[in-house]
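Each chain gets a letter, A, B, C and D, in the order it is written, and its residues are counted from 1.
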Amino acid sequence: MDFANLISNYEEAVAMILFGIGFSNLLLQRNLIKKIIGFNIMDTSMYLFLALKGYIEGRKAPIVTDGIQNVEAYINPIPSGLVLTGIVVSVSVTALMLSLTIRLYRRYHTLDLDKITTQLKKEGL
Amino acid sequence: MSPVVFAVVILLPILAGALIPLLPYKNRLQMIFYVSAVVIVTSALSLWILFRQPQEALVLFRFTDNLSISFRVDGLGTVFAGLVSVLWPLATLYSFEYMEHEKHEEIFFMFYTMSFGITLGIAYAEDIVTMYCFYEMLTLATLPLILHTLTREAVLAGRSYLYYSLGGAAFAFIGMVFILSYGDSPDFVLGGVLNHARLGDHANRLLIVYVLCFCGFSVKAAMFPFSAWLPQAGVAPTPVTALLHAVAVVKAGAFAVMRVTYYSFGTGLLRGTWAQTAVMSLTIITIVYGCSRALKETHLKRRLAWSTVSNLSYILFGVTIMTPAGLVGALCHMVFHAVMKICAFFCAGAVICKTGRQYIYELDGFGRKMPAVFVIFTVSGMALMGVPGLCGFISKWHLVEAAVSSRNPLAYVGVAALLVSALLTAIYMLTISVRAFFPGRNFDYAAIADVKDPGWKMVLPLALFAAAMLLCGICSHPLITAFETIVRSV
Amino acid sequence: MALVQNFPFISIILSLAAGPVSSVLGAKKAKWLNLLVITVIGAMSAAVLAFVVGTGESYVYTMGHFPAPWGNEIRVGVLEALMALFFCVVMLLCMLGGSRERFLELEESKENLYYVLVNLLLSSLLALIYTNDLFTAYVFVEINTISACGLIMIKQNGRTIEAATRYMIMSLLGSGLFLLGICFLYDLTGHLLMSNIQEQVRAIKAAGTYHLPLLVCVCLMSVGLAIKSALYPFHAWLPDAYGYSTLSSAAILSSLVSKGYVFLLIKIFFRVIGFGIIDDSKVIDVLFAFGIAGMIMGSVDAIREDDVRRMIAYSSVAQIGYIYVGLGLGTTTGVIASLYHILSHAATKALLFVAVSGLTDASGDSTDFFDLTGAGYRNRLAGVAFTVGSFSMVGIPLFAGFISKYLFARAAIWSDSKMLVTLVALAVSTILNAVYFMKTVIRIYTPEHPAVLKKKKFRAVTVSDQPAKSAAMVCFIILNLILGLSSEPIVHLLERGMNMFA
Amino acid sequence: MNAWILIPVFLPILFGACLLAVSAAARYKNKPEPDAAALKKLHLAAGAVMSVSAALALLAAWSGDWAVTMFHLMENIPIYFRVDDVGRLFVTVISVIWLLVCVYSFVYMRHEGEEARFFGFYLIVYGVLVALTFAGNLVTMYLFYELMTLTSMPLVLHNGSREAIMAALKYLFYSMCGAYFGLFGIFFLYQYCDTLTFSAGGTLNAALAQGHEGILLLAVFGMLIGFGVKAGMLPLHAWLPTAHPVAPSPASAVLSGIIVKCGVLAIVRVVFFVVGPEFIRGTWVQTAWMTLTLMTVFMGSMLAFREPVFKKRLAYSTVSQASYILFGLSTLSATAFTGAMLHVVFHAVIKCTLFLTAGVFIFECGKTRVEELNGIGKRMPGVLWCYTFAALALVGIPPTSGFISKWYLAQGALEGKIGVFGWLGPAVLLVSALLTAGYLLPVTMKGFFPGKDAPEADVTVKEPADGMLLPLVILAVLAVLFGVFPNPLVKFAGQIASSVL
């Protein structure tokens, strides 16, 4: 694996590192809030990645200004669309997660999922 | 005659049996009448089929293009079906008197009759799929009979019976699928249906599957590692233990093994392979193991059950010899053992039902009080240990003849095992008789004043069985020649 | 273009729209609307199925005015239509069966929201089945997850919320990986439409470049979906989610949601990557191994379980294992077996959940194994239903389970390396199934001492007490028998579907 | 088809069965034990049947050669009876002794009770034994061999004490074990012989046996061990000293005198009429066989020598004496075979006498141990004289019978080509003869000359009733006479020997 390659597309590398961070947070953090943050980092890394894929060096955003119709002038719009969709999704999911977290916190006054489980066992519910 | 008669003879007891608890009876007698009518009609019909030997098959139903429920009668089926159809009515007669003191007998007779039909289904099955289906059904239909008393140990026994049987079926299933995939047809054809071209170089795969399948089916035949359920199942009412665990269920297992070995896989591919060695050694181990367990057992019915374990492996041993003679011996023992063991069980049942004594050390001096029962018991014991002139000797003779003529060293070991088990059989059967007849010099007969011989409903089947044992022992060649014609073309 | 061809699109939109609508309706109305929607969609799917079978080839339905490479597409074949139809039927029955529980366990004000979620779930499932666009698939996966999570937590007690949270976290992990996979694929091929991607993948394969990235994509997507469909090592969330949520949720989740993901995975294998490439990659063997492990371990866990509903939940871990084994065999027959098992397991598992709830009704709502003693006499129909379900699970002939077991075995017989493992695993897991299911059957038919009944105040339940549930049970039993007895046409349909698929 | 031949087989069996049935029925109805008159009737009937069937048996035996096929057990395996010289010899011995002992037991069994049962089984066993001697093929013989075991067992446990029952079971299971060893061999012989029908010199098919000698020899050895059980041969002899003493004396007399000989008969049949002596000559089987027999001879006498209980001592002596016979057979030489046949006859007579005297002692004064018998000769000299003659015969003092047989045995051993056993055998026989003298004669001496310090034997004891004395005397006289006029018997035995070797 030559580093030149890695250096030349360092953005992707960054995206992947971010993804890793997010993923491991989501997986390993005990605190729910941190989990959610991890999830968001993960998604954001994806958006970064997509945006990179869509961006073409030295072109403009795909909004027809001063009447240039030529496709060559603009970057690929689809990834941007995807990013937007993704953001919508992740926002909704985050909202849901947060609401769940709030409910749990109200009931059990902790954000640690395992603690909650043990309490549940105690309740014998 | 049209093959629809198969459907009748198999479905009649199942459906009519299902009706038993629903019908409104005025008194017990009506139910008895109804049940016996169903049973007698069925067995008469079945015997008529066997007599007429219709050639065409009946396809009752198709799952898929090559999974179908279809029936036909052939030699092997004739033997099993005949056995069942003859023994079932007698057993039913017996159970009428036996079940008087048991609770909710409608349920009992319902499943009892249904299992009759299912067993016939196994006997008449034309292909391995049908046999497999009825095999599974038999497990489920006989489960309630074991659970009948619903006491704790009954439930435990039922469970282990179920686990063992379904597990066995699961492995047998592998064999079935294998036959369906590598065979020309699912039907039973003497000499096997495997397609050598398709089999190609997968011979070893075949052997593995065969061993799995053999073990699977012989779970019902209580082969060694899988024999624990049979003695436990002794908690069931005696007609059940006698008929199902000496005749129907276990024999169904042995029958299935015969079918698979001789009619599906074909002995040609198996003889002389490690597979044969493996299964044969298993049976040999079982022969000795069962007897020794029987020796240690002090509970009358469980002792008989263990002896069943070892005797079933006689049959399996005959099968694993994988020569026509071996199959003859196996068939012979299948029939004769059914008679001997059902007789022994019924004697035990008579004792338990009339006196409530369950253990062997409680039987001192019974010979004087229940002469009929114990004379017959002794006869069956002598038959089991193979005294010449009784049927046990004949079947043993043919088994051993096959073993010796197969020139297979392991089979010689099997012969030795047979004789060892014969000795053990002598010990565990005759000690009972000696206790019963010679309780010792100053034995107080007043202690067992309550003991009496049972009524004719029980004694009649016993006497018939004893007579049958003697008859088969003295002139067996018609039967033997019949068997030989069945297996001639293996 | 025939009117029928619009139905798939319409059905998605319909259920999608029914959601918001029923949020403003009252509980009763919402319920009826929901039932109506499901029925209508079912009918439409039936029509579509008939149409596709008639024409004998799949068709592509373009949404909006953008042509192939850019626009969004729906692709309909026999397989899709069949799945849609079947999912509708099962969902309808689940909703029927669970109506009483919903009434008892849900807050008055929340009940109509439940229908919102169900409608969304249905639409997302349909979308997963029909869509021809990977990113759309991702979006609907998320919608599916959210609504499923809602279904779990709507019975608002600590356990369900906790379960929902765990479920959420796991599936977020899954969908994250899935999304990453999609992005890579997009990066590699420059397309999102499955058909175009496949062309590109073929080209890449031909060129012999990018072998590793392709493999990575496959792994990411497989693992993502495996997590979401609770394949063995990733099943931690499942028992709570199925065990404590309200009846209809549990039934729907276990029988449909996870199956939707599996179907998507199959779709990706065949339509996106191409099964040849998958078969070459070792991914499939990994899935196979996990599947085998699931078959065994799921049942083992189930045996250890004393809570009947959790037991059934664990058993679906084992069943998912079956499906992945079929997939992992790497042959079309194997995949057909898996598809058939998706159907039969959906029918059976839902039946079991409903039946168990029927039994627990007759046992003071306790799901404890020992409280079910003699429940088969207190609620006869439920007893029969449970017995049927168990038989099917154990694979007794005449029931659905037997056929799928048979198909698995038949598929396995022809595979060289995996035959023995699969067959033995099948046998062993059959035994294990027998152990816990038949144990329960015996238990529910062991009469309980009357004094105990009086003490625990268990009362008998008759059909007239809960018509909806009884009807559901009867229908499920019939469905089960149909799958068990006349499997041949269905298998043929699946085969045709597979041919159209690739 | 001269089926009347079978009457001596089935008459006693049926009559015995009837006796049992009647007594069982009586007990089932809780009738009181039969009184003296009933017993007299019983004795008359039993005696009549016994003598009739004995007469018929002898008639059948000596009325020329004949063969009867009863029915086919399996195709090519008939139940088939035939009389030949061996059969004649055995059936004669059996019938005579059985009759005498029957007379004896009319008196003796009075103090044992359960007479109906005893005589029932006694007769049945007789029928079975006749059938056994007449058996014409291996399977028939096996059939009646097993029946003999099963029917003679009740004689052993007659007195119903716990130890008697245990002994009976031991007897039963040892014999069964032996029988099954035999059966094992039969199975193989059935495969490798032309026929299982007895024919002098054997029927083994050399062509078939080609290449399977190993397993066949094993099978034959198994049969030797198996049938040797009845003849109390090592290693399965342990039942004999247990079972014989506990039985009522008449029973032990016939057990030791006759039943043991049936084991010998079986071995003769197998070795000389089916397998053929040539097959085992010089093989490891013969060597092992001879070794076992000699060991048994020596060990038997040693144990008898240090055994205080009288009947047990006699039982041990049976063990050793029976192995004399087997040793004679095992040498596979004509002369020794003759000696063996002679010893069969003589030992039967002698051992019966001895056991009957033991029975008298028990019956009259309940003495069972040797040291109790001091001075018994003063009270019942007749009995003790009988004993003495028999004892001398058994030791083999010329001119008594034992001397003749032992002479032939030793001579046969010497001239047979059996290597080291040629001189080892006779040596062992001699030693054991000395031991025999050592354990039998002291009874006589102490009996007649108790010595000064011995307590005075009680006066109530006197000579037994004629019913008991008569058979004793006859037997004792026979024991001596055979020694004085051995020639006809020797000729007969020699003729058998020449036919098979």
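Note that a residue touches a chain if its C-beta (ideal position, glycine included) is under 8 Å from a C-beta of that chain, and two chains touch if they have at least 3 such contacts.
What you see is a predicted model; the values in this text were computed from it and never measured.
> How many angstrom lie between the CA centroids of chain C and chain D, rounded to a whole number?
The mean C-alpha positions of chain C and chain D differ by 84 Å.
> Rounded to a whole Å, what is the gap between the Cα centroids of chain B and chain D?
43
> What whole-number Å value describes the gap between the mean CA coordinates of chain A and chain C?
From the centre of chain A to the centre of chain C is 28 Å.
> Could you tell me which residues belong to chain B and also touch two or more other chains?
In chain B, no residue touches at least two other chains, as defined above.
> In graph terms, nodes being chains and edges touches, is this line, ring, star, complete or other?
Line.
> When you check every pair of chains, which ones turn out to touch?
According to the stated criterion, the contacting chain pairs are A-C, B-C, B-D.
> Could you list, by residue number, the parts of chain B that touch chain C in their complex?
Per the stated touch rule, the residues are 61-65, 67, 132-133, 136-137, 140, 143, 147, 150, 155, 158-159, 162-163, 166-167, 170-171, 173-174, 177-178, 180-182, 205, 208-209, 212, 216.
> Taking the touch rule as given, give the residues of chain C at its contact with chain A in the complex, in rising order.
70, 135, 138-139, 142, 145-146, 149-150, 153, 156-159, 161-162, 164-166, 168-169, 172-173, 176-177, 179-180, 183, 186-187, 192
> Applying the document's contact rule, which stretches of chain A touch chain C when the two form their complex?
19, 22-23, 26-27, 32, 35, 39, 42-43, 46, 49-50, 53, 78-79, 82, 85-86, 89, 92-93, 96-97, 100-101, 103-104, 107-108, 113, 116-117, 119-120, 123, 125
> List the residues on chain B that touch chain D in their complex, please.
368-369, 371, 382, 385-389, 394, 397, 400-401, 404-405, 412, 415-416, 419-420, 422-423, 426-427, 430-431, 434, 438-441, 473-477, 480-481
> Can you list the residues on chain C that touch chain B in the complex?
391, 394-398, 403, 405-406, 409-410, 413-414, 419-420, 423-424, 426-428, 430-431, 434-435, 438-439, 442, 445-447, 484-485, 487-488, 491
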